[in-house]
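A quick write-up on the structure given underneath.
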Amino acid sequence: MIEASDLTVERGGRIILRDYSLRLERGRTLAVLGANGVGKTTLINTLIGLIKPRSGRLSIGGQVGFVPQLFEVPFSYSALDIALMGRARHLGLFGAPGKRDYEIVRHYFHMLGIEDFEPQTFNSLSGGQRQLVMIAQALASECELLVLDEPCAALDYKNQDKVLSLLEHLRDSHAMTIVFSTHMPQHAVEIASDVLLMTSGSRYVCGPTADALNAENLTALYDLPIARADFSGLAKHTYAPVFRHEGVVIDG
Amino acid sequence: ESSFVDHRGKTITFAKPPERVVMIVRSAPIIYRAIDAKADNIAGMNKDSLVRYFTKGIYAEMLPEMAKINASAAQDGFVPNVEAILAQKPDAVIQWTHDEKIIEPLERVGLTVVGWQCCTEQDRLDYLTLTGYMTGRNDRAQAILKAQADTLKTLDGKVAKLDVAALPTVLHIDKVADQIQVIANGSQNLALSGVSNPAADNTGEWWRTIDFEQLLVWNPDIIIIPAYADDLNPKDFFDNPVLASLKAVKEKRVYKQPVFARTPDAPEIFLTSEWLAAIAHGADFAPDFKAQIAGIYELLYGAKLTDDQVKAILESDSNAAANKYAELFG
Amino acid sequence: MPNSSAEAPAGKVRTGWLGRKLASVSILPALITLLVAVVLYSVTIGRYDLSVRDVTYILIDNVHPLVAPYWDPVHEVVVEQVRLPRIMAAVIIGFGLSVSGAALQGLFRNPLVDPGIIGVTSGAGFGGTLAILIGWQGYLLLAMAFFFGIGSVFLVKLLSTVRGRTSMLTLVLAGVVISAFFSAAISIAKLLADPFQKLPAITYWLMGSIASSNYLDVLLVAAAVVPSAIAIYLLRFQINIMSLGEEKARALGTRVVLVQWIILVASALISAGVVATSGIIGWVGLVIPHVARALVGADHQRLLPVSGVLGAIYLLMVDNLARTVTTAEIPLGIITALIGVPVFAVILRRLHAKGGWSSD
Amino acid sequence: MIEASDLTVERGGRIILRDYSLRLERGRTLAVLGANGVGKTTLINTLIGLIKPRSGRLSIGGQVGFVPQLFEVPFSYSALDIALMGRARHLGLFGAPGKRDYEIVRHYFHMLGIEDFEPQTFNSLSGGQRQLVMIAQALASECELLVLDEPCAALDYKNQDKVLSLLEHLRDSHAMTIVFSTHMPQHAVEIASDVLLMTSGSRYVCGPTADALNAENLTALYDLPIARADFSGLAKHTYAPVFRHEGVVIDG
Amino acid sequence: MPNSSAEAPAGKVRTGWLGRKLASVSILPALITLLVAVVLYSVTIGRYDLSVRDVTYILIDNVHPLVAPYWDPVHEVVVEQVRLPRIMAAVIIGFGLSVSGAALQGLFRNPLVDPGIIGVTSGAGFGGTLAILIGWQGYLLLAMAFFFGIGSVFLVKLLSTVRGRTSMLTLVLAGVVISAFFSAAISIAKLLADPFQKLPAITYWLMGSIASSNYLDVLLVAAAVVPSAIAIYLLRFQINIMSLGEEKARALGTRVVLVQWIILVASALISAGVVATSGIIGWVGLVIPHVARALVGADHQRLLPVSGVLGAIYLLMVDNLARTVTTAEIPLGIITALIGVPVFAVILRRLHAKGGWSSD
């Protein structure tokens, strides 16, 4: 589904990623983790073709749906209008959404529990609500490959749960391939089959979640102690940061 | 020494007639040439005047020396290029009075400015008088003025006998292509010729664009094409199917104005009134017109016109198709 | 997930989908009805006095010949050769300019954009001026205006394309620059023009008038406007997407460059066609889309047709005023603004709350 | 420092908050938690005066520094330019930043470890990097009250840690009052003295962290099981969501 | 945290702060030097032949009277009464329009905004036209133009203020609408004007010319431009903040309405002053800020002065062309665009990568 070898990507004249190679089979889910500014968004934009890599080979099988990290619209479209735009790929140059497209979008609105937003102006929604609409838009595009840049950043736990469940459901029942970036390892723990830990522009770990995702790797990745925490009275675990562990000195 | 008051009310004194005069007023060169009877003292004029009057047409034929005059005074009729004028080292500059901003820069650098104002009949007569004072040829100025006054007085005598209620309507139309444009409130006094203009009102709006419906409503007896409308001829009216329902077109009373109406302030412009009266009321109103034309041009410019030149002045070719033109003027 | 959609509550979907359709439908037919009414009314007014009955008979005669036409043939000429073509021209031009203005505002995401921004208007204006200066008239003038108009949009695109990429900002600035250039060229031409004949002709032509439209003119402007407006309308959904910005549009799978080109060329055709036949008619393409947006929101699927019909009504009413209010033809450009300004000042104030732009 | 009583706030004609009352003393830190769209941003915007409440009394002591949730700039200012704008309050109508202002901004850049961003164009920074610059801007304003809307949403753990430590340091050493919203209860656990749990537009719990922040309240707040998790081998705990706990049914 | 700043590494801070100052300083003095050079060069050129030596002596004579001036008094008149005031006018006008354009583009966050957008230009144009039509001249004309210019900006503000709030979008649209209105009014006035005297006078005046500037004109335009430009420059940092959007500006503690008003009124003063003394000079205020932004970036602290000096140089060079290239005076408005367009087309292409706007 995705095959990238020796990708080198530059932006504004600076090399951001050097010699990245990765491979993802159809039906698998890749979580991309890494520090701020390491190049997650850059990698994702390269995968979906918004940025042309400077060198390296990249092949993507199938159509791509995408949820960007930041989003603003200049016109006051309704949430429904925005989500409908996800159908663009299916409509051709001169098409406009018809009944079926409305149904599909409404279906995902329903699954995300955001039917109420439909007539509301997109720009009057809260940050998290907008993100849900954008996710609905990407889902409505019904692509084989779904790429999401920090889809849960503005979401509360409930909505994170909804989105994660939905992604897993799509992967399982439609064999969709999914790539998402996140700052919360727990998201990877929950649904990712593979993780890409981006340590720097040229160093990374990529592999199945079970192997690659551990406290040690994460601590190295974030340069901060990340520990495994076990839920009281449950057979589940999470990885969480140990903030201000060593009494971090403020050097100001 | 000559001393006179220009149109600004400013007294201007010349010890001797100025030898280098720059003229920003468009028609000043031809007036100056007529009164001074020579072009030697004309040191500069507008590019615009030169191109329009002295590179082709009857003036170019009669007065070839005018085309050699420096034409850097101004581009556009009135905005002086001060340095270019200074470079001509003029003794006097003739300039319009309508805005102090176009005179002040000239006086600021110490030039003598004679102001002319526009555009009444009296102003037009004054141009001749003022030029008479400047050139020291007041005799010629008065002779020309008298020739004008005599012609118009004779004409007035005949027009006065006409029935005022039945005067024909005349519309001056200078465009009928993409738009129909008429002269609503022009400078020519049509009453002198015993006709009236249906488009006239006192808005002061000179040209007016109208639509065909309005033309039908006015339905003038006579249509005149102004002399400056180079591209328009009576034939254009006669061949246009939409205009066919107009009275003047049906009766073929569409005429092209003769060349003497080409320069609005030229000393021979008064012939236009006589010509129009003849068109409207018959040859009696301009008896022996061709000879009169030749006489006036000789008086003004010392030119001996050939018969062909007179015909050209009368636009006889363009007007051939119009009703009775040949009968009227031979 | 195609089959999962059937599981969504069908009733809700239907009313919802229809509901939206209806909302757009209820304003549009109202406007279209209004347009038809204004057209019919327009035929009966003019400087030449004609009774409504005469006009009706003259019109009916075309569809169903009356055996003995009892009216003056002049009347028929007035209705069919003078008024009808003019009315048609006004409707087509108003429609075209407004549709193109709405599309361009969406494409550039800028409320100050009008069909003139891409350089066509002044390019075509210069072409026409040049033709008048040379002494060409009629279809030569038209061809010159058209040619220069289309040429200038290519020039703009050329100027703003650096290494195969066109940024919308550079495009719009290039448009401004090219417009300024041709405007200056027009001024030069005016300076050179004979002030008795050609200068007034140029001035008047540029000011915009459809006074002398005949059926051939109508046909020509329709040939430029109708296919272009259809092309723009077909792209209505793509314009929605483009209005989110180029990056997003590309990510959604839109063929950005193609859509840009089609809209630019279609708008250029409309503007060039209009200028060629009727001179520069400003303001309509800038303001009408804002009014339409205030009425039906930002969605171009509804915005484009509503904008078009609104523009047609507006320009027709303005032209009616132009030809009836005084004995003189007042150039359209003047009345467009003079009458429109107070009206739209009020409308924009009123409706601005739901003005469709997010940036206020 | 902050005293609000019976605040009712509407936006776009809809009442978002009804009868909110809260009180925060100087030098305390309030964490605002709540589901997406419950009104956190609305409340925060009301506190800083961007939205006028429909009714109720509100009094704020001292000047306010603010970090918004979403941020875009139309011009390509450098990160330094953007952060310098935080000094506006101290410069007066006709002032421009001078040497001292540069020093102050650089000081906070240094504390956040983002000196490198200085000359970079703000819009070419990554999402997390922008958020750090915005935080530096707010800090540079050196106000008595600092209001941050989801300051850590786009940040990696390391940077979250930095920001949290910095906030705590500011509170402790300069007696700054701080209000921030977040979707991660752990942030509240770490540094908040008080929490405001917004259950709906009219229901909320407000009180000292120790009392109000517990698994029960959070579970009610997010409508999702939130459990306490204890770090393996450390005397620390966190609250984390238990995603897809009951095998959530996808009803599509 | 005032004292903590001392702990920051002092050396780094110093070079950094100075470094930035220097960056801005290195372009600005270069431009100012260029401006001075162009001014000196301009004095020596013209249709009237004067040697550089003569001009130098005539200029020096003012500062340090030479005992026996050996030059022709006409020369002194040419240099001091014809060329100098004109050069001063060009410099002041170019400076003022560019500064105001840059400030307004920042305030409205729109690259298509120019000093004409707020309605002043065409308002003042109409005032002047009206004065010419009535037959008023000189300082009456000036006063009319000025009065109408300032009046129209108040009208725009009034139109766009709904319940005490002014949205930038409504403001800009109100500006467009008012501009259109006054432009139409100008056209009407032109239709009514006597075509031999007043029409050309109006046309020429509107096209923009500083050909006949005397010291009083210079003084008047300076009185309008200098304080306004200073006010705008003083607000340079506030404009930075306003350019982030109103909400953000308010949150940062800016007195949004006050800043808006000062900039609007200052820009109105500049435009009205320019139009009153020299007619409508378009294009400079729109394009020069873009070029300046390409040179020094978006920060208005550097942008405003660089913009101003660049505008001064540009307009001066254009005016030099206007008065020397042909025998006739060519109106400024024409050359501004005609010469500027190719130059700026290239500059904009080249420098666009760092063009200062984020939206491309």
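Going by the order they are written in, the chains are A, B, C, D and E; count residues from 1 in each one.
As a working rule, a residue touches a chain if its C-beta (ideal position, glycine included) is under 8 Å from a C-beta of that chain, and two chains touch if they have at least 3 such contacts.
Listed by chain with UniProt protein names: A, D = ABC transporter ATP-binding protein; C, E = Iron ABC transporter permease.
All of these numbers come straight from a predicted model, not from anything done at the bench.
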Smallest count of steps, each to a touching chain, taking subunit B to subunit E (Iron ABC transporter permease): 1
Chain whose mean Cα position lies farthest from subunit A: B
A-C compared against B-C, more contacting pairs: A-C
Distance from subunit E (Iron ABC transporter permease) to subunit D - Cα centre to Cα centre, in angstrom: 44
Separation of subunit B from subunit D, taking each centre as the mean of its C-alpha atoms, in whole Å: 83
Subunit C (Iron ABC transporter permease) and subunit D: spacing of chain centres that average the CA atoms, whole Å: 49
Per-residue overlap in subunit A, given as positions that touch at least 2 other chains: 72, 107, 110, 121, 252
Of all residues in subunit C (Iron ABC transporter permease), the ones touching two or more other chains: 1, 4, 7, 109, 191, 195, 200, 245, 328, 331, 355, 357, 359
Residues of subunit B engaged with two or more neighbouring chains: 75-77, 205, 207
Of all residues in subunit D, those that touch subunit A in their complex: 11-12, 34-37, 40-41, 69-70, 72, 107-108, 110-111, 121, 124-129, 132, 150, 153-162, 164-166, 168-169, 183, 186, 190, 222-224, 226-234, 236-238, 240-244, 248, 250-252
Contacting residues of subunit E (Iron ABC transporter permease) [partner subunit D, same complex]: 1-2, 4-8, 12-13, 16-17, 20, 106, 109, 234-238, 240-241, 243-245, 247-248, 250-255, 258-259, 297-299, 301, 354-359
Subunit C (Iron ABC transporter permease) contact footprint on subunit A (complex, rising order): 48-50, 63-64, 66, 68, 71-78, 81, 85-86, 88-89, 91, 93-97, 99-100, 102-104, 106-107, 110, 118, 121, 123, 139, 141-142, 170, 174
Contacting residues of subunit C (Iron ABC transporter permease) [partner subunit B, same complex]: 46-48, 73-74, 77-78, 81-82, 135, 137-138, 141, 191, 194-197, 200-201, 204-205, 209, 211-212, 323, 327-329, 331
Contacting residues of subunit E (Iron ABC transporter permease) [partner subunit C (Iron ABC transporter permease), same complex]: 109-113, 117, 159-160, 162, 167-170, 172-174, 176-178, 180-181, 183-185, 187-188, 191, 195, 200, 207, 282-283, 286-287, 290, 330-331, 333-338, 340-342, 344-345, 348-349, 352, 355, 357, 359-360
